[in-house]
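Both complexes below contain chain A, partnered by chain B and then by chain C.
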Partner chain A sequence: MSKSTGQAASTVGIPKKSSFSRIIPYVLLAPVFIYYAVFWLLPVVSGVKEVFTDLNGDFTLVGNFKLMAESDLFNEAVMNTAAFAVISVILQYLLALVLAVLLSRKFKGAKLLMFVAMIPMAITPTATAILWKTGLVRDGWINTLLLQFHLISEPLVFMNAEGFKAVLMVILIDTWTVTPSVMIILIAGLQGLQREMKEAAYTFGANKWQIFKDIVLPILKPSITTSIIMRLIAAIQVWAIAVMVMGYSKTPFLVERIAFYVDVVPGVDTSTKLAFTYSFLTTIVVLLATVVYLKVSHKGVQKGGEQA
Partner chain B sequence: MMDRLSIVQKTVMSIFLAGMALVVVIPLLFFGTVAFSNAAEMSEFPKSLFPSSTVTVRVEPTESGSYEVFYDSGEGYESIITTKDAEKLEKHFRRQYSVTLSGEEILADFSQTLENGPMEFTYKKDMFYNFKQFFSIVPNAAEALKNSIVVSLLTILISLGIGSLAGYAMARFQFAGKEQFNVAMLIVRMFPVVGISIPMAVLLIQMGLYDTLLGLALLYSVPNIALTAWITNSIFIGINKELEEASMVFGANSFQTFMRITLPLAFPALAASSMYSFLTAWNDTISALILSNENQTLALVVYKAIGTTSSGIQYAAAGSIVLILPALVFTFIIRRYIGQMWGGVEL
Partner chain C sequence: MSYLEIRNLQKKYTKNGPMIVNNMNLSIEKGEFIVFLGPSGCGKTTTIRMISGLEEVTGGDICIEGESILAKKPKERGVSMIFQSYAIWPHMTVFDNIAYPLKLQNVPREEIRRRVETAAAATDIQGLLKRYPAQMSGGQRQRVAVSRAIVVEPKLFLMDEPLSNLDAKLRVSMRTELKNIHNKLGATSIFVTHDQAEAMSLADRIVVMYKGNIEQIGTPMEVYQDSATRFVAEFIGTPPTNFFMTSIERTEEGVQAVGDGFCYQVPVGLTDTLLPYAGRKIEMGVRPEYIEISPGLDRTEGYLTDVDIRFVEPQGSHSILIAKVGATEIKIHTTKYMDIAAGSRVSLNVKEGRVMFFDCDTGKRVK
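Right after this comes the complex of A and B.
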C-alpha cells in the first residue's frame, strides 16, 4: 500500500528522484548496518566459534555440547525451562484474557481497576524478588496472612520446596509480574472489536459463547499470536526471579545456568565454555520459537487481510 | 440491553476483580512496610501491614547499676540487652530500632528508672534509616545510581539516534531488500541478549570499553535500536505525507520539514521508544553482571545486596524503592502509547 502512495507522490510536484535520492534510504540505514555488524554479528560469530572449539582452541563439533549435557543440573534446567514456558504462558494467558474481557466492559471503577492491575508491570525484577522473598520466608507476610485468616495453624516453610513445587512457585511469581503486560495487549486488541458487530450477532440469534468463539477470538487473534510468542521468548529466558528468590541451583533454568557459570564459578575455563554453550542453546531455542511465530503470524496476517 | 449481566454473573465478576486487586495491592503494601521497617520489626511475627513510626521499649534498672532493655516482638516483652555503656546503647538502638539518638540522651532517659522503677519509653523511628543505610553500607550505591542514569541516557541516545533513522527510511522509502531488512531487524530484536553478552565482553575488552558505562549502553542498544526502528516506522507511516509535501511546496527544505512537521508529530513514538530503552538499561542485571566489574549499575548493586545480606534485606528493599520510582513513572507514561502501538498489532 505504501508503495503505491510513494510512486504517486513522486509524480506530484516533488522534484524528480535523482540518483542521490535513491541512495537516501541506504544512507539512513547505514548506521544500523554498521552498528549491528560490529555489536551484534561479531559477538554472535565469536560466540558460535567458542561453542565449536575446545579448551585448546581446536575444532570440535559436539565436545562442548557433551560437556554441557554432562554438567550438573543440565537435564533439570532443560525440563524446568520447558515446564516453565508452557505452564506460565498458558496460565498468564487465561488470566490476562479474563481480566481483559472484564476490564473492557464499561462499569464504574473500571479505569481505577485497570490502573491497579497494571502496577506489577512497573515493579523492577529486584523489587519483585525482595517482595516475594520476604513473603515466602517462614516468618514472612504470606504466613502472617494465612494464619490471620485461619487457613493454616502452623507457619508453612515455602522456601524448602524442591523440584517441581519450586518451579511452580517461580511460575506464580512470574505470573504476578507479567500478566498485566499481556492484558494490555489484549485490551488494545479488544478495542478493535466494535460493539455493533456483537449486537448484530445477537440480533441473528448467536449466544454468548458463539460470539466469543466466532467474533471476539478471531479479532483478538493477531494480538494473541504476537504476544504469545513474545511471552514464550521471555519465558524461555527466565532466571532473575529464580535466582533472587530461590537462590542458585535450586530451580535450574537455561539462563539461570549461564548466570551461575558467570557469577558463581567465574574464571574457570570450563565454566566459560559452559556459559557459551548454554547461551548458544538458549539462542537456538528462542530462534526456533521466533521462526514458528513468523510462520504462524504470516498465516494470521493473510487471514486478517481477507477479513478486512 | 443484551449486555446486562445476571446478579450471579455480576457477583462472580466483582469477586474476581476484587481478588485481583487484593493480590496486586497486598504484596506491595507489605513490600513498602519492609523498606520502612527496622531490624526488630523484620524479625517480628506475625508481620504488620503498615510500618510503625515509633519504638517502645521497657527498661528496668539492675542491681549492678546497668539497665535491662525489654522489647516486645509479638509474644510479650523479652530481655534484649543489659548494659550501661552509652556507645553500646546507641549502636543497639540504631541497628535494631532505627532510632538515631546519642547514647548519652538514651542514658539520661533511662536514669529516670532509678527513681521510678521499671518504665516504658517510646522513641521516634528514623523512617528513612534503611535508605540512608543502603547508601552508606552498600559500596558505591550513590555512584551506582549515577551510573544507572548515565547508562540509561546513553542507551536512549544511541537507540533513538540510529533506530529512528532506520524507522524513517523504512516508512518513507522504497528500496531493494526492504523485506529482508525487516526480517533481519525482527531476528535481532528476538535474539536473547544473554546470547551476545559473553562474547560482547571479549569484544569490549579488545576495544578498551569493558567495565565502562558506554560499553553497557552499547549492549543495551542492540535490541532497542530494532525496537525503536519498529515503533517509529509504524508512526512515520501514520504521519500524513501530504503535510510534509505541503511544507516543501511552501519552500521549506527537507531538513526544515523534518524538524518542523515530522518530528513534532512523531514525538509520542519517540518518547515511548526512549522509555523502553530506559527501562531495559535501568532494570537489567544479567548483562551488567557479565560486562561490569567496578562501574556497577544500581540494579546490579541491589541484586548483589539481596544475595549477600541475608539479615539486612530491608536495606535492599529501600534500594529497590529508589530503583522502582523512575521505572514506575516511566511505565505509566508509556502506557498511553502502548495501546496505540498495539492497536493494529502486526510485527
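Right after this comes the complex of A and C.
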C-alpha cells in the first residue's frame, strides 16, 4: 500500500520535469566522460587495434602474438614474471604478517621499530635501485660490511648472477621496498580487531594458536585480500627495479620487455607491435590473476561459513 | 564455606604503582546476583578480570567451591564472561559464535547443535542463528553474547558493564531480561557497572567499590538507606545525599549539630554516639526525600532552618526543589508540594531517624 501512495505522490505532487532539467546530470558529468574518452579510452582502443593489425595495417588475430612468442627472451619473461609474482607475494606477505602482529603488540620501542620498518616506503624506486646497486657491486657496502665483520674473506660477486639467482635478487630488493606497505594494511586490520574479541576466545578455552587461526586471521581476511591483490598486480608489473639494478634483458619480465622495446630498440619496425602485444598480455594476466584470486578467496569464506 | 571466596585480593600493575585492588575480601553464595558498583578506576573491572583469569593476581586468593582457581586457566575455572563490547566474532554466524566454545571442548556435533539451540532459545534469538553480527542490532548482539556465555554452563557468570553500549531504553528492558535469565538458570552472577540505577534494580547484594577498596557490601536497600560511608551516601541516589559540615555542641537542651545557618537537635538515640565528637567537626547527611518542607513554617523535632526555594524542577512523579542552607546548596525531593512556586519561604525538617553522620577524617558512618 505504501508503494502505491508513494507513486501517487511522485506523479501528482511533483510537477513534470522539463527536458532540460532531466539532462542536467549528464551535462555535469560530461567533462569526466570526455576526459576518459580522450585520455583513457582512445589510447586503449588504439593500443588494442595495434595488437590485432600487422605491419601493413591489415587485421591479424594471432600474428603479433606469434611474433611475441618467437621474440627473444619471451619464455624467460613469462617464467620470471610468474616466479616473481608467486615468490615475492608469499614472501612479502608472510613477512608483513609477522611484522604486523609483532608491531601491533604494546612493548617498549614498538613505535620506533614501526618507524624504522616503514622507512623503505618513503624511498623512491630509483633511490632504492641506487641504494642496492651501490651495495651489490664488488666493492659495495654489502661486501665492505661482510668483510669488516669477517663473515667472508673474499668479496662476493652479486652482479654476475644470472637466471633464477638474478630474479631472486630482484625479489629480495622488491621485498625490502614493499613489505612495509603490506604491513601497514595488515596493522590497520589488526587495529580494527577489538582486544575483547581475543579475550573472549581465551576465556572460552582457545589457546594462542587457536585464537590466531580462528579469530585473528579470519577477521583480518578483508585486509589480507586487499593487500594480496595489490601486491599481485604490482608484482606482475615489476620492471623498474629489475632494470635499474640489473640492466635490460638480464632479468626479463613482461613489463620489462615493454620498456625494452619502447626504450632500447625503438627504431625497429616490430618494436611497437611487440610493446603493444606485451602490454595487452600483461593486462590480461593481471585481470585473470585478480579474478581467479577473488573467486578462490570468496569460495574460502563461503566454505568456512557452511562448515561450522 | 561460600561458593566464591575472595581473600585479601590485591592487584598492582607496576611494582611501585598504586594498589588497584586493595586487600579485597568477599564471600558470594550460590545463586546470588552480585553487582560491583563504583566510579571508573575503582578496581571493579580489574577484580572481575582476575576472577576470569584474564588478569594476573598480585596477592591473595580466589576460591570457587573451596578450591583455589588461581593456578587454573580461564576455561578450567568454570566461569564465562560477557563483555561490554559484546566481543562476538564478526566472521562467524550467530550459531558459530555460540558453538565455538563447545567446539574448543570437542563436544560432539549433535550435542553442540542441541545445546546451541537451547542457549539461543533462552535469549530469544532462535530465528537469528544463520545471521552474521553485522546484520543485527546492538541488543541482538548482546543476546548472542549472553547465549554464548550460557552455553558452556558455567559455575559463575561474569558481566563487565554488558549494558553500557545499549541505548537507554533497551538498557532498561535488557536488564530485566538478564535478571530473568539469571533466575531461570539458577546461576551465580557478578555484574560490573558504574550505573547505580542498574545496580539497585539487579542486585541481590551490591559491592560498592572506591579506589580499590570495598566501601560497603549490602542489599540495595541497605546501601541506600543505611550507607556505611560518606562515599556510598554520595554515590548512590539521584540526586545524591545532601551534606552539611557541622560541629557537635552540648547545650542545655541536649546535643546539637551546629552548621552554617542552622542548628539541628541530635535525636536522643544518637547523642551518646556523637558526644565524643563534642567540639569537633562532623559531617551530617540527609537524603533529598528525607528533608520535609513546610510552607506553613511548622517546625518538628528535626527542624533545620527556614529557606527560600530557589528553583523547582518538576519530574512528573515528583519535583526536585533547590535551596540554600547557609552557603550549601541542597536538593529536596518532594511528592507533596510539587507545584510550589520558586521563591516560597518554607521550613525544613529532617524526617525522624533519617539523619546520617560521617567522620570527617575516615569518611565512615558514625552510628
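Methods note: the second predicted complex is superposed on the first by the 262 of 308 C-alpha atoms of A that agree within 3 Å, B and C clash if a C-alpha of one lies under 4 Å from a C-alpha of the other, contacts with A are read in each partner's own complex, and residues count from 1 in each chain.
Rule of thumb we're sticking to: contacts are C-beta pairs under 8 Å (C-beta built on N, C-alpha and C of every residue); 3 or more make two chains touch, one makes a residue touch a chain.
Note that the structure is predicted; figures quoted are calculated from it, not measured.
Participant: Scan A:Gln210 for contacts with chain B and chain C and give back first, second, both or neither.
Facilitator: After superposition on chain A, A:Gln210 lies in contact with chain C alone.
Participant: For A:Gly135, select first, second, both or neither according to whether it touches chain B, chain C, the two together, or no partner.
Facilitator: So A:Gly135 only meets chain B here.
Participant: Just checking: does A:Leu61 make contact with chain B only, chain C only, both, or neither of them? Give me first, second, both or neither.
Facilitator: After superposing on A, A:Leu61 lies clear of both chain B and chain C.
Participant: Report for A:Thr124: first if it touches chain B alone, second if chain C alone, otherwise both or neither.
Facilitator: In the superposition, A:Thr124 contacts chain B only.
Participant: Who does A:Tyr202 touch here: chain B (first), chain C (second), both, or neither?
Facilitator: Both partners, chain B and chain C.
Participant: Just checking: does A:Leu151 make contact with chain B only, chain C only, both, or neither of them? Give me first, second, both or neither.
Facilitator: neither
Participant: By the touch definition at the top of the document, which applies to A:Pro218: first (chain B), second (chain C), both, or neither?
Facilitator: second
Participant: Show me the chain A residues, by the header's touch rule, that chain B contacts in one structure and chain C contacts in the other.
Facilitator: On chain A, the residues that contact chain B in one structure and chain C in the other are 199, 202.
Participant: Which residues, counting only chain B, touch chain A once they are in their complex?
Facilitator: 2-3, 13, 16-17, 20-21, 23-28, 30-31, 33-34, 43-47, 161-163, 165-166, 168-175, 181, 183, 185-188, 190-192, 194-200, 202-203, 218-219, 221-222, 225, 229, 237, 241, 245, 248-249, 282-283, 285-286, 289-290, 299, 302-303, 306-307, 313, 316-317, 319-321, 323-324, 327-328, 331-332, 335, 338-339, 341-347
Participant: Within their complex, state which residues of chain A touch chain B.
Facilitator: 2-3, 5-7, 9, 12-14, 22, 24-26, 28-29, 31-32, 35-36, 39-40, 42-44, 46-47, 50, 98-99, 102-103, 105, 113, 116-127, 129-135, 139-141, 143-145, 147-148, 155, 176, 184-185, 187-189, 191-192, 198-199, 202, 222-223, 226-227, 233, 236-237, 239-240, 244, 255, 258-259, 262-263, 272, 275-276, 279-280, 282-283, 286-287, 290, 294, 297, 301
Participant: Which of the residues in chain C end up touching chain A in this complex?
Facilitator: Checking each residue of chain C against chain A gives 52-54, 73-75, 79-81, 83-85, 87-93, 95-96, 99-101, 103-105, 148, 152.
Participant: Show me the residue ranges of chain A that touch chain C in the complex, using the header's touch definition.
Facilitator: 194, 196-197, 199-206, 210, 214-215, 218-219, 221, 304-305, 308
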